[in-house]
Amino acid sequence: MKKVITFGEIMLRLSTGTGMLLRQANQLSVHYGGAEANVAVSLSHFGYQSYFVSKIPENSLGRAVEQHLKSHGVRTDFLLKGGERLGSYYVEEGAGERSSQVTYDRKYSSFSQLEADEIDIEGILQEVSLIHITGITLALSPALQELVLQIFKKAKEMGVLVSFDFNYRSKLWSQQEAAEAIKLLMPYVDICFCGELDAVHLLGIEPVEESLSQEERLTFYYLEILKSYPNIQYMGSTFRTVQSASSNKLQGNLFTSGKLYQSKVHHLEPIVERIGGGDSYAAGILWGILEGFPAQQIISFATAASALKHTIQGDCSSFTNEEVMQFAKNESGMINR
Amino acid sequence: MKKVITFGEIMLRLSTGTGMLLRQANQLSVHYGGAEANVAVSLSHFGYQSYFVSKIPENSLGRAVEQHLKSHGVRTDFLLKGGERLGSYYVEEGAGERSSQVTYDRKYSSFSQLEADEIDIEGILQEVSLIHITGITLALSPALQELVLQIFKKAKEMGVLVSFDFNYRSKLWSQQEAAEAIKLLMPYVDICFCGELDAVHLLGIEPVEESLSQEERLTFYYLEILKSYPNIQYMGSTFRTVQSASSNKLQGNLFTSGKLYQSKVHHLEPIVERIGGGDSYAAGILWGILEGFPAQQIISFATAASALKHTIQGDCSSFTNEEVMQFAKNESGMINR
Amino acid sequence: MKKVITFGEIMLRLSTGTGMLLRQANQLSVHYGGAEANVAVSLSHFGYQSYFVSKIPENSLGRAVEQHLKSHGVRTDFLLKGGERLGSYYVEEGAGERSSQVTYDRKYSSFSQLEADEIDIEGILQEVSLIHITGITLALSPALQELVLQIFKKAKEMGVLVSFDFNYRSKLWSQQEAAEAIKLLMPYVDICFCGELDAVHLLGIEPVEESLSQEERLTFYYLEILKSYPNIQYMGSTFRTVQSASSNKLQGNLFTSGKLYQSKVHHLEPIVERIGGGDSYAAGILWGILEGFPAQQIISFATAASALKHTIQGDCSSFTNEEVMQFAKNESGMINR
Amino acid sequence: MKKVITFGEIMLRLSTGTGMLLRQANQLSVHYGGAEANVAVSLSHFGYQSYFVSKIPENSLGRAVEQHLKSHGVRTDFLLKGGERLGSYYVEEGAGERSSQVTYDRKYSSFSQLEADEIDIEGILQEVSLIHITGITLALSPALQELVLQIFKKAKEMGVLVSFDFNYRSKLWSQQEAAEAIKLLMPYVDICFCGELDAVHLLGIEPVEESLSQEERLTFYYLEILKSYPNIQYMGSTFRTVQSASSNKLQGNLFTSGKLYQSKVHHLEPIVERIGGGDSYAAGILWGILEGFPAQQIISFATAASALKHTIQGDCSSFTNEEVMQFAKNESGMINR
Amino acid sequence: MKKVITFGEIMLRLSTGTGMLLRQANQLSVHYGGAEANVAVSLSHFGYQSYFVSKIPENSLGRAVEQHLKSHGVRTDFLLKGGERLGSYYVEEGAGERSSQVTYDRKYSSFSQLEADEIDIEGILQEVSLIHITGITLALSPALQELVLQIFKKAKEMGVLVSFDFNYRSKLWSQQEAAEAIKLLMPYVDICFCGELDAVHLLGIEPVEESLSQEERLTFYYLEILKSYPNIQYMGSTFRTVQSASSNKLQGNLFTSGKLYQSKVHHLEPIVERIGGGDSYAAGILWGILEGFPAQQIISFATAASALKHTIQGDCSSFTNEEVMQFAKNESGMINR
Amino acid sequence: MKKVITFGEIMLRLSTGTGMLLRQANQLSVHYGGAEANVAVSLSHFGYQSYFVSKIPENSLGRAVEQHLKSHGVRTDFLLKGGERLGSYYVEEGAGERSSQVTYDRKYSSFSQLEADEIDIEGILQEVSLIHITGITLALSPALQELVLQIFKKAKEMGVLVSFDFNYRSKLWSQQEAAEAIKLLMPYVDICFCGELDAVHLLGIEPVEESLSQEERLTFYYLEILKSYPNIQYMGSTFRTVQSASSNKLQGNLFTSGKLYQSKVHHLEPIVERIGGGDSYAAGILWGILEGFPAQQIISFATAASALKHTIQGDCSSFTNEEVMQFAKNESGMINR
């Protein structure tokens, strides 16, 4: 059983129901999630021993987080306890033309105030095959930026695969801040999740002309990135066409060995839950890579995993690799009886 | 802060959930609404001091109505108390090809038995910029028809803008009854909400040939109406294409100074709540007019307000003018995070 | 009031809500249903005195089943009590590309262990116009296969119309087992519900070439079946195009007197409940035949009944024949107010 | 199977949940009930063929009422359809020291406007063992008072047992109105449900001195009533001690052949549902009388039936006679496993 | 209509349902409340024009707070917008012997970071009859302590009645911190809510011997307090006996003109909602004083208001003064029908 | 971290809500539990590495069971997959005088058909401190009786503490069957949970005279048991006084070294959930013994753990040992804020 590790923040999510604004709601549904935690959950259901490294407060909400992670088989051995609060966020789910609205309340969270010396970097990386972190973690504090850099450096030393997802959030930091922090990390990254906008706005690549196809443009950007960071072995992203809050099209892209591989286009309609869709995708890519699958199979699996995630409630996916594969090959929307 | 007034009935709405008939339901959701009350609510959220004039019973349901109106900032200073009952209606929400079914239980309501001398017409019109009433109020009793006529006459005298929405309901009265009552009011109306069917069936205009486009036909009818009622400054309506109970297309029309202005076509899918969609539209038009906006901006705003209303539960809309405008210009269906 | 009878198993259905897997659910919704029971329910709402013949345990669940049937006016005079358990099944409702997943827990049920001598065949058929049974009943035990054969023979003797729906379920038996059991019954059947796949896989008809249209292929198979079983007066089936778990197209087919009649294509979107859609269709056909309607009217009615069923929760339909007919002729998706 | 009949109004009840006022509620739970309908339901579950005679509107609510009655096995053959509306009432459930608050909205209901010639009195009484009516029916209109009188007279002629429950409701009529109407009926009554307050305030019996025990006082009043109406064979009532909205004590009384029989005192805590408690009691008495049980057994059964009713939701009780008897003899509050 | 003002923090409360810990909950119910806001709500329902002065963030939660206050008629003219977050807290409701558990997440809230110069003290006190503040406000920051002192001083100058409730919360500050802050305010207070523990631990009064009755002890402490602060006209508190989380006894005390007045003892069982019980009591006292009622009537009204509050959900009470008075004189726990 | 093991069946529990019978329910709440599984859950929350050994089907319900166990930190390494079905049971929760009604549907479950050779007895006992099994496991099949005997023998050989809870269920087997099976095991038991009825009816001890106190009687029986089975080190049981379904009194008893130790009497009112109360008690005893606590402390802790369990929903308790101890010493029913 391969051992993998993710490091980041997990938050309490409070969501209104369909067609309800916060000002109308007298019930909120409860989920726990965060980009890195969600990846850990998926990798656990794919059969790995996954650890989530973070810090949560020592109170009732902290206990609930632990139980959430354990229920998905995620190991909490390196989950620190302490600090002032659990970050939370509120979601007013979109409908039709109306976008979902996220109201963050994550400042001063235990994780965002984590200090570098609280983590035993070597300890958490023992016998680990892969570590995955996203740009959200960097956005939370300079101390976390520095800590991630140390983790990535040590991981390279110890032969651990390093995965990084840009995951840019404009509500957390500016493009310039993000660009500076991310560029320091890039030389240590093996697997990188980023798209066209990231390439242009965060890595400063000159935009290619619009007349090219989406595939051509993405290929161009990935080749440009490789010029600066030849260490990167895999680059992944998705093309998402938003028809409405509950109807999207999704296609996965994986670039490796100089070539772009694409999944079929999934029609996500209705979307039960949009949040966590990217994390399931990332987990699918990582699993495929660790299993040593061919690139085409990896991208089909990962995109199917993400499509499947959109059909269930909550931030994270509890589908096993067998379930994802069965979904990927079956006709859709029937009754199995 | 401009002062506006609406006059009509507010009812208790009891609705089954998705895919439930009354014969299946053991829970009903509770809303309070009525055409004029809903317009008052929207105008309050758009920043006006809006008053709802009506009559409700002095019991637990009456108190609930008051609290509903106040929660939206609507002033209840002229809300009379007394009479026998609060009108109510039951909604079995449609799905797909099945229509929504409304079962009215509004007879003998406190409002429908309001007598003319219960209202201090001059009092309610003091310092008011605009009064809005719909055809539903007329349908409830001859006394109300007479009362509305008196209110409109006095409003004209006092320089108050008069807005009237045909809002024809076949379950309440016949076309002939409606035609008679409405024609008496038309000479006093400044802003009029009516469509092609109203022009033909209620105002008796000879149908134009079908080969014309929808826009041409509507323009024709509006010009015909102006011949009889040159006092009308604005005429509004919507084109609604019903694909299914939960999928409609909506385009707004505003006719003024001899010209028809149209909004873009909004795709309403899924429709969270259809009821109250027209009232949000009317409120948007009234707000735009009172703010002195150009016609194209008014119709875009009003149709966006209506589209947005379709995405939330309940009869009325609590979106502010800023929220409507932000919605009108943003890409749709994304997550704002 | 015509008297009709259906014979089969009724089960407890426990379903998760939208976007929920069993591993996520802490609430399950409760329905009771089964193919033959659902047909009995529809026929009762269409105005017949319908009896459901079955066996249920003598416990709290058995009582709930009785109350369910009675609430729909189905007579329970021939509902035996005893045996070990009520069969149950769990439904994880599909969404978008994800199929619905049925987990059966019906083994050892009271009905599946029914023995032939528990049923007074002549007694249940007294003054009955029609009996309806489906292939699911056959799949449950050899004793039930034998019993159904006896019932069908006796029905023919007594002049009762015999209706049989193939209803093949691969989770219950193999195609070969089904083929053997069904072929024994076919000589006694007047009304038969089966489709292209049934003709090929269960009745062993050589597949016709794919280049023909769907209508042509179906006509071919029905003519082939008639060669072996000239006793069959009506054959029915539906064409269902599955776009997603919540969006299907449905067209009904009825073959009689050498000719195929088809309904219009209904767009089922969103599908509130897929289960029981076929049973409503069958009930519609049977009602039309018993009423002596022309074939085109029968198929339009039956397909409308099925389309309508897809818009409400639960396995069975409580729409009356008047409601179905009104639905069939009305514009769709409006508000009736 | 004995045939029994009850005649009265059935209403839609809409209730808030625990600790919720109408002004706070956005969900209401749905029940259907009425004194006479509830008695019919209980008698059906006790094994009789019970008919409920009433009038309901021909709309979605009317259909729901029918389905409610049928689900309990009550025959609806004499349920008239028509009129304007279904009576409804709203319940804000009490808690602790706060009383439950009923808001009636039952005026102009189909039943309250029933006219005498709509009922085929001889028809409904054919082969009937017993008819039961309560004072609520009388309170609704003079026409209903007259109709009940005709029904009672005809019942006596035809040898049908006549049961009458005073069921005085101060929100519906004055004591004087009630007294006049009831006195006209009393000479035809065989089984009469009334208590100390009824004797004094409605039958005009001089109050006995307070120093007597409750039993002595009740015995006194029953003897006095018998002086005026020697036709009465059974008189029943309950002693209810209200400690709080959810904690009561209940003891049943039955007077027959000159003697008062009493049940044990039941402790009702917590009370799940108070409404309908008296109707279950009445049904228990009627069943015991029709079965020919000794008086002590009747009163124990009836009070147990009422106590049991208080432990479930809804206006009516679906417990069978076997279940009531098992409850009456078992230890309480254990787990049966 | 008298004008009153309260100043403090309002928070989002998220509560689990009965018998649920946060680690079990996947739904939380939403309420908004705070000691001073709750008092403003009650005083509004008692007929005053009440203003709540505070600061809330300019986001979706802030809007929800506004709507909550408005729905109860509380004026929000002085509600500042800005800052980082709305304070929140989580409640795991107790049951039986298990206490309710409050988890605060209120640090860094907009209100707690309010600075003194944001409030126009003279402006908010214009034409005000009474201002009410509690110790919780003091506990949030030194700036707030200073601000409250300025407000109280100015209020005295302007002839506004000053009401102060100790409301000591050990999770927010130490007894010593509280003592220091409170003592500075006491010379300006007219109406003071404090009990035996407050007298000893916060005001440093030597404990009286335990052998005295509760009334005698409280009288002793109040007399002692008056020695230091002869400015105080009224002192109030409650005796609460906790039998279990859902069963308490409550008796109100009011000390004025040298004499202790007590209400009857209310039995609160079951308690629907404990939070806000003290605020309803305080509001009752303040209303009675402003109305000029005799002390005995004030204390009976206030304690009844508090008892009634315990029977409904949410932090605040929407009962009117008429409803409280009707409750105070009625028998309890009956059905009003 | 001590390693403990329990072996038994885990089932799906489906419960109606308060005051609902199965015949009324259209929603059921979902829990997973079983005596031995519940003990494993508690011991995990008390800080041990607890393993649950059982067999569950390889389907959606099986996966849900796994996730349930993992969420509580219980190790599933020895959870076999296969067999036909997951046992289930239905609970109609009692109220007041009405008992809870359990309807078992557990026949033919995967666990009940487990064969002896499927378990690697030595493997599961490696490095284990304690094994706990209850009489329910024995009742399911002779094969399980034999298997438990082998497990207990091997446990004794390997120095593992053996705990056995009689847990007699009359719906599963007769007293005679139970007596035979249990007597074979008793010589290997170190810790035994049994009470007065077990001693008399299952171990055949002559009843002692009723005039003795409950404590004296229990002491007598325990001394008698020790005569036959001197190997037993600890005997435990509870005295439960059932006032109603939601109000019980509970006192714990522990007999060791010839002396009976008793906890204080806990008042359980209201009882949120009765099921699992005994398992929490057993887990508390086992934890106290393994920690080496004095007998009085063990019994206080265990009874507090059980009392606390009665205040939350679900079969199992997620309270930690710290939480139980804090509960045991705190005043009850307050708000901690």
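The chains carry the letters A, B, C, D, E and F, assigned in the order they are written, with residues numbered from 1 in each.
We adopt the following convention: contacts are C-beta pairs under 8 Å (C-beta built on N, C-alpha and C of every residue); 3 or more make two chains touch, one makes a residue touch a chain.
Note that the structure is a prediction, hence the values are computed from the model and not measured.
Note on connectivity: the fewest steps through touching chains from chain B to chain D is 1. Superposing the C-alpha atoms of chain C onto those of chain D requires a rotation of 180 degrees, given to the nearest 5.
The most distant chain from chain F is B, comparing centres defined as mean Cα coordinates.
Averaging Cα coordinates per chain places chain A and chain F 42 Å apart.
Touching two or more other chains at once are residues 21, 23, 26, 67, 101, 270, 318 of chain D. Taken pairwise by the contact criterion, the protein chains fit none of the simple patterns, being neither a path, a ring, a star nor fully connected. Taken together, the chains touch in the following pairs: A-B, A-C, A-E, A-F, B-C, B-D, B-E, C-D, C-F, D-E, D-F, E-F. Interface residues of chain E facing chain F in the complex, by the touch rule stated above, are 18-21, 23-24, 94-102, 104, 169, 171, 242-248, 270, 274-275. Chain B meets chain D in the complex at residues 14, 21-23, 25-31, 59-61, 63-64, 67, 84-86, 88, 90, 92, 101, 103, 105, 107-108.
Residues 266-273, 307-308, 310-314, 318, 327, 330-337 of chain A touch chain C in their complex. Considering their complex, residues 67-68, 70-73, 318 of chain A touch chain F.
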